[in-house]
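The two complexes that follow have subunit A in common; it is paired with subunit B in the first and with subunit C in the second.
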Partner chain A sequence: MGARILRIELRRSVALGAAALIAAVGVFVLFASNPPYGFWMELVIFQRDILQLTWPLALAAGAWQGIRERRSRIEELLATTPRPRWQRVLPIATAMAIAAVAAYLVMLAGAAAHLRHLDGYFSLGAIPLIALGALAMVGAIWLGLAIGRLLPSPLTAPMLAVIGFFSLAVSPMIVAQDSRDPGTFLLFPYLQGPRDGGFALQMLSARANLSQALWFAAVAATGLALFATSRPSTRVAAVLPLLLGAAVAVPAMPSTLSVAWIQDRRATEVVCTDDEPEVCITRLHSHALDQVRGPARQALAVLAAKLPPAPTRVVVQTADKGPEDPQPRDTLAVRISFFEDGVEYTSEDLLFLMLIGAGVPPCANLMGTREKPETEYLAARLVVAAWLLDRDLAAAQGRDEGPEGPEGPLAREALTAVRGLAADEQRARVTAFRDAERTCAEGDRLDMLTGAAR
Partner chain B sequence: MVRAVSAAETAATTYASAIHAEGLRVRAGRRMAVDGLDLSMDTGVHGLLGPNGAGKTTLVRSIATVLRPAGGTLTVLGEKVNGRIDLRGLRRQIGYLPQEFGFYRRFTVREFIEYISWLKEMPAAETPGAVQRAIERVGLADRADHRMKTLSGGMVRRAGIAQAIVNDPRILLLDEPTAGLDPDQRMQFRALLRQLGTDTCVLVSTHLVEDVAAACTDVVLIDNGRLVFQGVPADLAAAAGEDAGAGDSAAERGYSAILRRHRETASSPETAS
Partner chain C sequence: MRPLALYLRSRAVPATATAVLVCAVALWAIGLVVDHPQSRVLVALLAALAGTAALGQGLAGADHDLDRASAIAWPPRRAAHVIVAGAAVVGLLAATALVGEQMAGTGQIARNVAGLAGLVALGAAVVGADRAPLLPVIWTVLVLRYAPPMGEPPTRPTYKVMLTWMVQPIDTRAATVAAAILAVAGTLSYAVLGSRR
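This part shows the complex of A and B:
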């Protein structure tokens, strides 16, 4: 195609300047509109979401480039050159496509600085989302080239940016007949994350990705064809890919958007330390393994010293939706909803959190509801942690369940009562508490600890 | 200076003249700007003269394959241009400087000429050398790596000539090439024309009669879309004769005398058709 010509076009067209501008706008929006992203997937989805802005910008950049021949009044000269138009436009179309992809990737790289954990879990499901975002940008820039060529006015580019932005903002409201988002939303360049949140644990189904890829490719193909054709009669044929793409992609799309989003099972799998005693954490939070390793082993040591037989491994469940099954006896299971809210825990905090309830996860049947928690049950679990650590109730931050909550005063009172008992009695009662927790047996846990001592 | 010779050129020529028009009619918008023109041109420098609206630019554009003839025949390098779909082979051998020469402002001179040479489907291996040669021939070597937009009007014109000659065309069409050139540059340009004319059919459309007199081997004068005069510059000067037409030089006087005589005969009833 002429690598030298491509190099000239890359340097002298608007390609790289437009790419830098779009990337800068995108990075700004990605930074300004959200607190730091907890996970890669959140960033990746949000970058797709703001295609509502970056897609029209790419369209406008394409249009600006597309009017170059007219603006430069070079059409007369070009008309006398032997090289066919479709060959002539290949270098500039390639340069613009490179710019579109570069803009998308640079935007992602730039916004990655707004990630809380750069080394966090990178879902394989993010790769098609990124690739399709870049493909959508290529489609926009090629479509822009075609529109700029067909409507060679200096107003075309700014008008396209504005019209594109507003029509992308308005059209979903027209398409959605009821409260459910139809699957045809995937026809739009931008993508809203799953309605129920939990972006980090979800990904698009292969079906959704494939049908969308087909559609985006069709849009890009039509844009390029419209730009490359030289005769009006062939322009009609250039619309063919678009029609074909729609004919195949629309029926292939999932019926609703909520079906398109599926669980990322790899994210909730646990990864463990290589060495003993084993400390495990969901893959989504694997970047925190080093942070929890120390406190976890300390927690095992405390349990081994004060409450044998102790578990020999720790599983930190951090996902919103974790397994509800009772954990095996050899496992200290702790569910910590940390990291999401950006609270940095100290090792002391983590140790305390792991020993709440003697390292057994809370029983759903005893916890009450979020609106009306069973404070006595939660207080009992706190007492056990403080007893095991032989210290006063520590301040564990950011927890519903903790000394700062309504159960705090209750727990402090109960702790004093337990410490008033004989040492053997103390151990017997905590052991009984743990056994009850393991089976989630009904019963007043606080009474089990303090009983007649109160 | 060694000129690259392509296989197409070394093949035996089977045509009588490089450009041949018979009863050629070409529309410019709604007007028939070239209307029944008979003309033959071969290697050499042909100066195309005529008043405004005579059809000079339309004729050049039709030879450049921008415009399709509306009637008659136009044969360029032995290929009939009328109605041909594939002009690719012919276009490789044409160099063209339009009257309004458009260019990409952000390209450097070298990049722009290279871009045009690519569009003219020159072999990639020959391109850098050909580009450099073209730039040197128009005296832009010291500005070769400057952006096109930084060039003065005269330099732009020279860059336009450079892009037209970069493919060593067998037909070179220059529409008002000397506009914006200073006297020194025009003299250099005339020298370049004489050099090119030894192996190329050069057609220079201009208003400047003295350019034609100084650099052309052949003068073509058209009016109202028809050929009025074709001959060597000396004939043009001689045409003035005793009846002094307007003009400061013999050539200019000849030019206006021929035009006046032509218009008189064209408007007299017995020769009007």
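This part shows the complex of A and C:
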């Protein structure tokens, strides 16, 4: 009986149409306002952020459905039936809740096509974010049902939509924001990512999620109760969940939003290949393991052939983390910042990037600053890579370091000079260069490679 | 006079007028607290959206068949209804400038109301009067999210400027053209077709 009525309500109400419309609007906005997302977490957080738009739409859809009886002029007819109101309206409320959840999930599924790596790391912290987004949508649609029922006017739905946008999308722009957003911002259905960026490496703390869940559930409960009750006295009681939810959730919320965002430790752990020689990468970037495996092993082979003793293991570090502790000598530590920019690198490019500076990470004390890099030092590192690969410097590309930069001409010149030396001398100098790099000793690296014979 | 009064009542004009008046008062009240010029333009846009959305319910009578069967030349009357209603919304929203600092230029309010009212009229002809606000509301939502900073000269290709006409500065020709097209197309289609049942 119940299932049959639910099916009928799903077909005969605005539920499916509203779900399709909201999902379509959401997918459009998720596609149009950002370049492809690098990680799942970015998409999940951004979908929560655009609740600024989808939440008022769900509210309006609920209100539209809530005035159905008035629109069809059967209010009085239905009021004469002996069946209690809550029994009669439960199927439609369920149908609308299904629509809200479906809209949210379909939106996520549709926008997943805008991910760069569909098989990328899916953080466990994303699951509560998605669930709470869907819960917020249910709350919006039930609250809309209640408001439509209490104010049954054709103006209700469009006005609710506009008021909703105003309060969610415009008012945060008006209220001057500083970096210390109070934790009570979690009362809003939308959620903005951590201020310091790094979306992919953070997640919301359990405390923030739980207090938010409690609040959203309270909003939904009040909406449903207001919609389902028929007597004014019970309507007053229906506001109780809202008050209770606020009373519990607000003190439980963290003091500021930035405290609510915590590090996702699983994302920064390294995962390695099963077979030897080991190639490791942070779990966040594990989708790139297949891409780097080949070049990494090639790099080890090149180092073993030309510059023994060579490392036996590769750790690909990414730019998300600060300077690392020096790695043990048997580990080739490669710092790569290029996973973020969406450029497709060939295996050749990767191999070259891994061998810059003989596979030793650059020394912070020698690199200079980003504005004023030490060109000679960077050129020396390029020369070593080209020497190891027996390659000219025009072929490879890189973003931060490479032959295209200002150090390119310098490096080409130096490479010719190095190749003019005797083979044994070449190896001795590059080995000395690597030892100096490992200890980050001061000194002119370019001179070490090309200077007059010692 | 009596037929006019009856017509206005049958088209829920008192309720609509009240709603538009509330929008104007809200616009004025928000103008007292909001200082940032971009936010002021945005609030003015939302007020225009709310005011025009309120027009939707008046675009159909209580009984579709009765309207059709009566020997009344509807098309000029329908066109007049949309035009007068739009003008009234512009007048009320712009009048807020008389009692306080203006939120947005009268030209910008007029352009936005004209385009949005055209959309509402188009919506009435296409999806019915009671769902007519859906069109302007959805369009504005889609634009709001990644609108350029308000008041900056447009740098995008023309078609994008036309698609985001409601958030462009007033001296943008493409945006004005887009609003004018919507106003004319909406008014014409509603005048000819009337509200879908």
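Just so we're on the same page, the second predicted complex is superposed on the first by the 434 of 454 C-alpha atoms of A that agree within 3 Å, B and C clash if a C-alpha of one lies under 4 Å from a C-alpha of the other, contacts with A are read in each partner's own complex, and residues count from 1 in each chain.
Following the convention adopted for this analysis, contacts are C-beta pairs under 8 Å (C-beta built on N, C-alpha and C of every residue); 3 or more make two chains touch, one makes a residue touch a chain.
Nothing here was measured: the structure is a model prediction, and the numbers come from that model.
Contacts of A:Leu53 after superposition on the shared chain: subunit C is touched, whereas subunit B is not.
Touch criterion met: A:Phe28 reaches subunit C, while subunit B stays clear of it.
Of the two partner chains placed by superposition, only subunit B is touched by A:Pro82; subunit C is not. When the two structures are aligned on the shared chain, A:Ile5 is found in touch with subunit B, with no touch to subunit C. By the document's definition of touching, neither partner reaches A:Arg265: not subunit B, not subunit C. When the two structures are aligned on the shared chain, A:Arg391 is found in touch with neither subunit B nor subunit C.
In the superposed model, A:Val162 makes contact with subunit C only, not with subunit B. Look at A:Pro154: by the touch rule set out above, it reaches subunit C but stays clear of subunit B. Here subunit B and subunit C are compared by how many residues of subunit A each touches, and C touches more.
Within the complex, the subunit A residues that touch subunit C are 21, 25, 28-29, 32-33, 50, 52-53, 56-57, 60, 71, 153-155, 157-159, 161-163, 165-166, 169-170, 173-174. Residues 12, 15-16, 19, 33-34, 36, 38-39, 42-43, 46, 49-50, 53-54, 56-57, 130, 133-134, 137-138, 140-142, 144-146 of subunit C touch subunit A in their complex. Chain contact summary for the complex, subunit B toward subunit A: residues 61, 64-66, 87-92, 94, 96, 98, 100-107, 111, 114-116, 118-121, 124, 127, 163.
Residues 2, 4-5, 8, 12-13, 68, 72-84, 88 of subunit A are the ones that touch subunit B when the two sit in their complex.
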